[in-house]
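Several structures are given next for inspection.
In what follows, chain A forms one complex with chain B and a second complex with chain C.
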Partner chain A sequence: MEPWALTLLNALVWGALWALLAVGLSLIYGALGVLNLAHGTFYMLGALLSWALTPTLGFWGALCVAPMIVGLIGAGLAQPLVIRRARAPLSSLLIMFGIMLILQQLVTLSLQMATGELRHAVAPPLRWPIAIGARFYDGYRVIVALVASAVLLGLWALWGWTRWGCMLRAVRDNHELARVVGIPVPRVQAGVFGLGAALAALAGALTGPITREVSPTMGTEILLVSVLITVVGGMGSLGGAFAVAVLYSFLENFLTMLADPMLARAGALVTIALILLIRPQGLGGAA
Partner chain B sequence: MKRLTLLGALAGVGLLPWVWEGAALWGINLFIWGLMALSLNLLYGYTGLLSLGQGVYFALGAYGAAWSVIYGHAGFWTAVGAGILCALGGALIVGWVSVRTSSFGFVVITLVTALICYLLALGLDSVTGGEDGMSFRAPALKLPGLVLPIQNLFVRYYLALGALLGGLGIAYLISKSLVGLALRAVRDDEIAAEAFGYNVFAVKLFAFVLAGGMAGMAGAVWALSKEFVRAGLFQPFAAFVSAQPDPDPLIAVLLGKAGTLLGPVVGTGILLGLRELLGSMWPPGYALAMGIVVLTRALFRSA
Partner chain C sequence: MITRREFLRTSVGATLGFWLLGSANWAQAQPIRVGHQLDRTGAVALFGKWHNRALEAAIKLVNERGGINGRPVELVNSDDAQTKPDVGKDEFEKLVTQKRVDFVIGSVFSGTNIATAPLAKSLKTVYFPQGIATDITEKFGNRYVFKSYHTVRAAIESAHEWVFGNLGKRFTIVHSVIDFGRSQAEDWAAKIRAAGGEAQIISVPFPAPADLFSIIQKIDLSKTDVLYHAFTAVETARFLQAAFDQNLQARVKVLGLIEGIDILSTAEPWLEGTYFISGYPRRADQVPEELRDFDREYRRRVGISAEGFALDNPREVVPIADLFGSWQAIFLLKQAAELVNWRSKAENPALIKALEGLTMPASVGFPQGAQFVRAQDHLVFHDHYIERVENGQLKVLERIPREKSLYKTSVDYTKEEF
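== the complex of A and B ==
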């Protein structure tokens, strides 16, 4: 009974984190038509910034400030580089790839110069063991799941019921028509790019104390998994991204009970990729 | 005149290790990674399919060759054949899923394939040797009337050169044939190509499998000359995280000119030179330079 309960909790926690990442990617794709290959870099930046700011602001303060900084960086990058060139898919992809490589290297360089080390241990922000039968579950993870779910809910409300969300949906559906009715399309796009980057950074900042370590390479694998989730969910479909994120997390965590963690992750990735054989446009994608 | 220049260049490259032995090692790297870049050029330059996971087929070729030697005691040519077959099989499976998706879907699947294979290679370390890798003794290269030990630097040099020339020959024949025309038609306008009666799925799958086989040939030759394979060959973005990075085929194609015959090989040469130059002075500069290459190429891309 206990291992099942613990696995279920883990699946929920990671499901919420993957959903944050995948929904951010899908938002960006919807508004700008680019696949954000720098998403893993924003995730890593969020984790590193929140680690660096924790001594001055405290963990919860850093958790709020780090995503904002990364969001501003994202919005700043989007304006000149991505938006104007988003027409040709391959060009935009290469641009994102270049941004990813350069950002990654700049972060590595500055971390090396500032601290002389690339890997840093993260102290747990609170100790709150929750007893489940004879075992204990880290209460911080429960808080992570709650924070991530609250943000996702807020996003859903913003998307569905506010003027801003209405603009976002209009830009996603048709750039030209949105411009015609007076929506400042480039500004909305930059905002969405920043919002997506901030969501990735929030996921990174929340994950730091779970993985107990931050380093400049921590985003690479995260990027690959979250882009797959987004594609399988259907590019631009927030509901699809959310559903596949949760599905992936359940598959991975429950497969880990049966097999080596690496094989479990590979199995979960293959399983969700096979969905593309039935629906090449993804679960929530338009036919 | 053009033919004379070509012959001269070929003779120069062929005689190089006899004149200057130090260039032989450099040449082997150039030929093997040049062949790798050539394979990506078939996909990206000719067919317009951007793959970020071409290293998978290189690694499959390397492992196919290594396994056939370790478990099957295969001879040299059998090992090369096994490597290419492994890569072709892998490319057929992945291509079957990936080429039917949109342009972004294709990129993502090729990338994630690398991650999946890397995780599998790490998880099944009893078969793959894991991160430490495994070494083996490569069988001698047998030609009619000749037995050449692969441990000899000259043999390795001419083997790699032969593989590259073979790849160049295939790429040349394809670019001049109707098949090459079909590839370019799909690259330039998929819908128009379909309207002209091309089976776009089949054309893309053909390009993907052919490129996979070529990368597998490069991998098999690499493994047999190094007598070593490791799981890290599968690692996604390996060229950007390792300390002594191998030339990344995509950057080589972008540096040379995509869709030309020799561009990717020239790009590989530039990358190798850059690594040599910056590796000793300022290693992070190499990775930074690669990012700048990609960004500038993408911003000033004409197509």
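== the complex of A and C ==
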């Protein structure tokens, strides 16, 4: 019984992490119409920056600062590189791909020069074992779920009940009309891109102590899954991305208990992809 | 009075004589070139770096003692073998065909060794692979492949009686799918079942998933006395940390090969109380009394402290047991080449015959103690140790003589043509 209870708990934790990633990706697509292929790179930057800043700021300080830095980098890159070309899907995809490669190579080179190693161990910020039967669950993971849920709730409030959220929705629904009513569309788009990058970075910074290591390639592993969750959730639909992220996490965690981990991941991906057969526009996408 | 004819005869004769003598001296002065299939990046990069240092130190010592057959030995490094079988194989080919090396010390990555072995035979080059998957000397070896350090099967054969008697026979084996991990799972499972025990096997992809939590959930503790792990170093650390988070170390005995943690510090809570099968003690004060002089010299020359750390970086753990393969390969070559007065690769058949069945007494070249090369499978047999982490340090519980690691091999390379 214990393993199943622990698996349930872990599925909730990873559900919250996948939701952070997928909601960020969906937010960017909604506002810019661009599939952010550099999302995994922002996730990796968040994890590595947090690891690098921890000796100076402590883990919790680094957890706050790293996503802000990555968010600023994202917003800075968005204006000259993404927004001007957002209406040409192919060129914007290529630009995102280029940003991904360049950032990844820069990080690899810097890390190699600074430390001589590419993979670095991450120590857990606290030891808080929660007893469940004869086994323990790592309390840090519970904190991860709480932090991710609080951020997602904050985002939901921002989206639904603030002036900025109203501008975001207007930009998502119709760029031209938003511009006509006086919304500074490029500035909002840059802000959204930065926010999406910061969410990915937050997910990376939170994940480091769970996976116990950080490396320049860690973003590549999560990119495919994040994109698929976003597509199945309905491009630009935050609620859809959240629901599919949680569903995917439950499927992956429980299937891993029953089968080989690679088969489990493939099975979870195929299962959520089947949703597209019933709803080609995605779970939360407009018909 | 010298005639013109006599003058010409003498001049030509002298010139020819000097030329022949000169070229003979030149030939003698030509260094013997030993290639290193070096992984500079990838999962075994840290091991690659230290194997290279061990080779440099061994060659320096051999040269100080007059080289091999009076010829100096030179180390030739490959470009990066990248811990990838295909790349490693290409690097081997470049070493032999472009850099003209005489012998090659292999990668630490078993997959690369297995991919390279057929090429060693076709290029008629003696190859010393440093990975330890069983199949390197069984299914995939050949007459040109020599293992200068144990394989998984030899280590398991050596330790299984002690393990079954002291830790139990109900195993859960969690292993990486790479050859190094797979051979451990297969060889342990065969031994356990033959002894009437139970073996649950959990395979983990390589590289391992980012979160190993779900893998740990698959371990059925009610059927487990011994949790056996078979990963490379960084993944071993992640696996044991994940197990520790769930209190597994307190509930079952945890066992693995030392190669799984050979570059990790043992002063970690998740390693406390765990058991390892090793080919040599990490700490000098655990080395048997009669080998300590050799051990001291070996550590000094490679740059290893008495505690097993790098002398130039007291925080870096040296894979001391693992390095023997490379260190000893140089002394194996010296001993065999001098027995048959080896001069060039044309004499490799004689060299190989000399290596087959060679016995080596304990010395600085063989600080692990007396050893021998089994002729049939070209595997070196040496003593083993059971070590346990106590108060953050590896402590030897048992020394197992080399005869105990002699398993029945399924091959006989001595019957192969050269």
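Basically, the second predicted complex is superposed on the first by the 287 of 287 C-alpha atoms of A that agree within 3 Å, B and C clash if a C-alpha of one lies under 4 Å from a C-alpha of the other, contacts with A are read in each partner's own complex, and residues count from 1 in each chain.
In this text, contacts are C-beta pairs under 8 Å (C-beta built on N, C-alpha and C of every residue); 3 or more make two chains touch, one makes a residue touch a chain.
If you're wondering where the values come from, they're calculated on a predicted model, not measured in any experiment.
Colleague: Looking at the combined model built on chain A, do chain B and chain C fit side by side or clash?
Modeller: Here the two partners, once superposed via chain A, fit next to each other without clashing.
Colleague: Between chain B and chain C, whom does A:I143 touch in the aligned arrangement: first, second, both, or neither?
Modeller: neither
Colleague: Taking the superposition on A as described, I'd like to know which of chain B and chain C A:Q104 touches: first, second, both or neither.
Modeller: first
Colleague: For A:N253 in the superposed arrangement: first (chain B), second (chain C), both or neither?
Modeller: The answer is second: A:N253 touches chain C but not chain B.
Colleague: With the two structures laid over each other on chain A, which partner does A:E221 touch: chain B (first), chain C (second), both, or neither?
Modeller: Touch partners of A:E221: chain B and chain C.
Colleague: Determine, under the contact definition given at the top, whether A:I69 touches first (chain B), second (chain C), both, or neither.
Modeller: In the superposition, A:I69 contacts neither chain B nor chain C.
Colleague: Determine, under the contact definition given at the top, whether A:P280 touches first (chain B), second (chain C), both, or neither.
Modeller: Touch status of A:P280: first partner only.
Colleague: Once the structures are superposed on A, label A:I95 by its partner contacts, choosing first (chain B), second (chain C), both or neither.
Modeller: first
Colleague: Could you work out the angle between chain B and chain C as seen from chain A, using CA centres and rounding to the nearest 10 degrees?
Modeller: For this superposed arrangement the angle is about 60 degrees.
Colleague: Which partner, chain B or chain C, touches the larger number of chain A residues?
Modeller: Counting contacted residues of chain A, the larger count belongs to B.
Colleague: Please work out whether A:M262 is in contact with chain B alone, chain C alone, both, or neither, and reply first, second, both or neither.
Modeller: Both chain B and chain C are touched by A:M262.
Colleague: Mind working out whether A:L158 is in touch with chain B, chain C, both or neither, as first, second, both or neither?
Modeller: neither
Colleague: In the superposed model, how near does chain B get to chain C, counting Cα atoms only, in Å?
Modeller: So the smallest C-alpha to C-alpha spacing between these two chains is 5 Å.
Colleague: Per the definitions at the top, what is the overlap between the chain A residues touching chain B and those touching chain C?
Modeller: 221, 260, 262, 265
Colleague: Help me check something: in the complex, which residues belonging to chain B touch chain A?
Modeller: 48, 50, 52, 97, 100-105, 107-109, 111-112, 114-116, 119-120, 122-124, 236-237, 240-241, 254, 284, 287-288, 290-299, 301, 303
Colleague: Using the touch definition up top, name the residues of chain A that touch chain B in the complex.
Modeller: Contacts found on chain A: 29, 35, 81, 85, 88-95, 97-102, 104-106, 108-109, 112, 217, 220-221, 224-225, 227-228, 230-231, 235, 259-260, 262-263, 265-266, 269-270, 273-274, 276-277, 280-282.
Colleague: Under the definition above, what is the set of chain C residues touching chain A in their complex?
Modeller: Touching chain A from chain C are residues 41, 203-205, 209-211, 213-215, 217-218, 221, 234, 237-238, 241-242, 245-248, 251.
Colleague: In the complex, go through chain A and note every residue touching chain C.
Modeller: 3, 6-7, 10, 14, 118-119, 121, 129, 134-138, 207, 210-213, 218, 221-222, 252-253, 256-257, 260-262, 264-265
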